[in-house]
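Going by the order they are written in, the chains are A, B, C and D; count residues from 1 in each one.
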Amino acid sequence: MHNIDLVVREIADEMRLRTDRGEVAHYIPELARVDPNAFGIAVIDADGNIAAAGDSDTPFSIQSVSKVFTLTLALGKAGDWLWQRVGREPSGSAFNSIVQLEYEKGIPRNPFINAGAIAVTDLILSGHQPREALGEILRFIRFLADDQSVTIDEAVAASEQRTGFRNVALANYMKSFGVLENPVDLTLGVYFHQCAIAMSCRQLAMAGRFLAHNGRNPSTDMSVVQPERARRINALMMTCGHYDGSGEFAYRVGLPGKSGVGGGILAIAPGKASIAVGSPGLDAAGNSHLGRVALEALTKRLGWSIFGV
Amino acid sequence: MHNIDLVVREIADEMRLRTDRGEVAHYIPELARVDPNAFGIAVIDADGNIAAAGDSDTPFSIQSVSKVFTLTLALGKAGDWLWQRVGREPSGSAFNSIVQLEYEKGIPRNPFINAGAIAVTDLILSGHQPREALGEILRFIRFLADDQSVTIDEAVAASEQRTGFRNVALANYMKSFGVLENPVDLTLGVYFHQCAIAMSCRQLAMAGRFLAHNGRNPSTDMSVVQPERARRINALMMTCGHYDGSGEFAYRVGLPGKSGVGGGILAIAPGKASIAVGSPGLDAAGNSHLGRVALEALTKRLGWSIFGV
Amino acid sequence: MHNIDLVVREIADEMRLRTDRGEVAHYIPELARVDPNAFGIAVIDADGNIAAAGDSDTPFSIQSVSKVFTLTLALGKAGDWLWQRVGREPSGSAFNSIVQLEYEKGIPRNPFINAGAIAVTDLILSGHQPREALGEILRFIRFLADDQSVTIDEAVAASEQRTGFRNVALANYMKSFGVLENPVDLTLGVYFHQCAIAMSCRQLAMAGRFLAHNGRNPSTDMSVVQPERARRINALMMTCGHYDGSGEFAYRVGLPGKSGVGGGILAIAPGKASIAVGSPGLDAAGNSHLGRVALEALTKRLGWSIFGV
Amino acid sequence: MHNIDLVVREIADEMRLRTDRGEVAHYIPELARVDPNAFGIAVIDADGNIAAAGDSDTPFSIQSVSKVFTLTLALGKAGDWLWQRVGREPSGSAFNSIVQLEYEKGIPRNPFINAGAIAVTDLILSGHQPREALGEILRFIRFLADDQSVTIDEAVAASEQRTGFRNVALANYMKSFGVLENPVDLTLGVYFHQCAIAMSCRQLAMAGRFLAHNGRNPSTDMSVVQPERARRINALMMTCGHYDGSGEFAYRVGLPGKSGVGGGILAIAPGKASIAVGSPGLDAAGNSHLGRVALEALTKRLGWSIFGV
């Protein structure tokens, strides 16, 4: 871990000096208010050692990183039946594209684009009140992070609820094909709130540990999912976790990962570590620019790419 | 290796009994003449031990599996400049789709769809006669396979040259955007012949070994590419190697792989093995059906998924 | 007019005997309850003579035929500025397609597809309460039809409001690009109600007279629009009035026309007559099947095609 | 005719002064060599009187205006069976778009976009040698123009044959769906030559007279097509004659018309006149800019719009 510590600090130092920082998301007004220079990183290895640097304890809006957790939760409830509602292929288009839905009868390509995650949230909501469903999601993430202090940033949720017209369009479009079961505004209410969950890098890395260790948290030895399911969620993160930048992330970083427009990325080094980075400036595909750069440096220096020793 | 041997034989036996075999490609008339019941598998571990079963020594048309080798060759010649001509993202559409080219100004999404591979072949051709370029490709594959007997099936090449109208369309379309440098018919001549290279599973697995071992053939200790390049080619195979079934392959098999419509799949277990399967029946996305089923069984039983121990 | 009378009665008789009637729209539940065998026709010539036959006095839901009237009204308010918000080209896709909006940044192709008409309604709404805007639309149509009895079928409006998810998607999608000014639900409230206006063929033909006579109602001699604007609205009806069946309608009927999924068509023979037909069975493009057949027979027998004497 | 003469001269004078002239097509190198300031106009009324001004006797490359004549010829040979191979709807996309072909299985949307015209040419070629087919097309146009001096500009044909990669792509794409019967290079050979036919405005207006007069040349009283067919060809010109600017042309000019990238437009005022204009600068949709401006002025001043007296 000594080595990891060193690398993590090096990278945080290097990131501080870089001037290419991407563009902070402005389409959710509340997100546009974050510090554009923030950078945090946290790595938790198999033994539970934590290497962290930068703003690793500052909570940020996890946004689409939440899709990993809601997918896990929904698979626990619906099992493979979930795949009737959402596909498993990269989309070849932007995170909020609606074109594919028209050509494929309302079935979103995968659970990690907005449309797919809305469909997943709709499954979690079924049979519940929005408040209950949201409570379940929050409890699940707190359980994964082993931290009861994780909360929802209501200002962000409200901001997106006021301005998230494309998500409203996506949801209504799917509803027109019968892909959503619940009233659209209820499903979206839960969805906007799950995106507004705020977590620090440290909390996020903790919450992702089960994916690095065959579905089990090695510290608590609590099983979250079966090993095969953990592998499969990692596979989806690899092929679909970065919207239309998934190929680039795999090519450069070589780890499964999921990004959010809040600037966070959760990456998994199977058997080795759970990693979270956060930096709000985004690249053209909507993924954290420095987050990707930092992860590329990390996997290179530690030899953690899953595509070669 | 004992265990690998056993698993390979088990799988070959199981595949022989299955009745779901997919559909043999009929759009290249010559390919439609293969035995629909053929199934072969070959696994070569780090020590060079070979476990093979079924029709593992019968040559078949490698078709798009050749794209892995021509990409490797072209990267050796053009380096990262190659990425000016072709992208690195999954396409979200069929192997021979032309739609994406119109929206993205003739730049193919990745080197593993037809358009992308044609652009890569065009790079190899530049400065050469078609015969020389084809000779170079064939020599490279023979070197990788450590087998001088690998040849081109001229009947398949001629068949595709007569009927490959969609590939002619793709190439001319790219040419109209200046993405190809050479006369279209010359580039396509080389492309159709490289697709018609015939190899057995054993030869194919041998040729893929450098990808499993950081760019180096562990038996001959010859370096083919730098470790980072091997990792990156694996990453591209993971996100783009199975056309619009890449997500599914990653989800089920958990290894980088590249398929061809001749029914072959080359899969890489980094650090562990190079694997080739061949079975001509294809699924809806144009990938070998039993090939994928066999690889899924193999990685499960041997614990070789790169997404979890 | 004697001749017109005869032709109109002949056609109504012929339509009664036909067994090819298309499919009644079922996606708006309330519309699915109409009599599938209804057929009405009304022709009003330059002198105000009316030839009518069949169910020409039965009101039906005019649906998208209303788009002609709201476009006329909005042009009166916004003038050519309206064309900042909506294009003038045929869409080459279905009436409720959303694909084009993504490729063209939320600007709908023309005012006669759903997205375009919603944008037009949004212009009418600006500066008003929904109730006022709707009142203005209804008053305008009553004025055109010279008939105060025209009303809105609230059951149809409510039905569409409950089930019109694709229209909600279209509106929110445009809103995300800033193409709509008003709250989406208010704009859609007006839109759904305008579509639910019920009129008979006789009323509809009367309301269309200004388009046949250079913007002026020849009976009352009231000017509705300038001659040039009337010609231009006719031109838009010709190229865009039947969704992705506009070419077919021009080819077969040879008159500008606008259809609605309620089965109505308003067609204009410039200088000669305003024509309305109604028959609820639709063809694959969502246009009244017998309506088009009847209009084709009418223009042929009376020599009214604008493409040749 | 006195009045027509005056208006035509006025318009030619006005066009000479305008500085907005569009962009000369550069993708066919030979076309890029024309005089960008050229402007010609010729109007032939029902009595055969000719009003002409500007460069009305200078031949230019008719390019896609030829599609009107080849459609007429092919309908004469294949009748309505032709519509098995090509549709009748506006495309909603650029003249050389290939996207629609992928979504609609190789059937082009209409005979006036490139793909559609290639399919029409393929029908004319069937059963003939390319030389014969081309001879037939040329004889037909000479017959229509009543002028044996109309010829093919071989330099333009050769230029397009060398650089027409997108047309080669379109043709091969259709061939892959079985929409073309003949070898692609033969069909394209005829197509490129028909596009390279050179005509003056006077000749072009003469050749279009049958469309203005119910299929019959009023001077020679020779029948070219039945009246219904003439009307239908006019209808297709109205909805599809200006690629993705067809709506705009209908809206502004109000006549059926067909443009070519050589800068020519043939427009038809049914019962009144056949009109040809030529000016090489194109607008964004690939239609002659001043040609459209001139026709808009002409129809306005003469009251020739078919959408209102």
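We adopt the following convention: a residue touches a chain if its C-beta (ideal position, glycine included) is under 8 Å from a C-beta of that chain, and two chains touch if they have at least 3 such contacts.
Given the structure is predicted, the values throughout are model-derived calculations rather than measurements.
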Hopping only between chains that touch, the fewest steps from chain A to chain D number 2
Would you mind checking which chain's C-alpha centre is most distant from the centre of chain D? A
Cα superposition of chain B onto chain D: how big is the rotation, rounded to the nearest 5°? 180
Whole-Å separation of chain centres (CA-atom averages), chain B against chain D: 47
Roughly how far is chain B from chain C, centre to centre by C-alpha average, rounded to an integer in Å? 55
In whole angstrom, how far does the Cα centroid of chain A sit from the Cα centroid of chain B? 32
Residues in chain A with touches to at least two other chains are numbered 103
Where do chains touch, given as pairs? A-B, A-C, B-D, C-D
For chain C, which residues are in contact with chain D within the complex? 87-93, 100, 109-110, 214-215, 227-228, 230-232, 234-236, 238-240, 244-248, 250-251, 254, 256, 270-271, 300, 305-309
Please output the residues of chain C touching chain A within their complex, sorted ascending. 97-99, 101-103, 165-166, 168-173, 175-176, 184
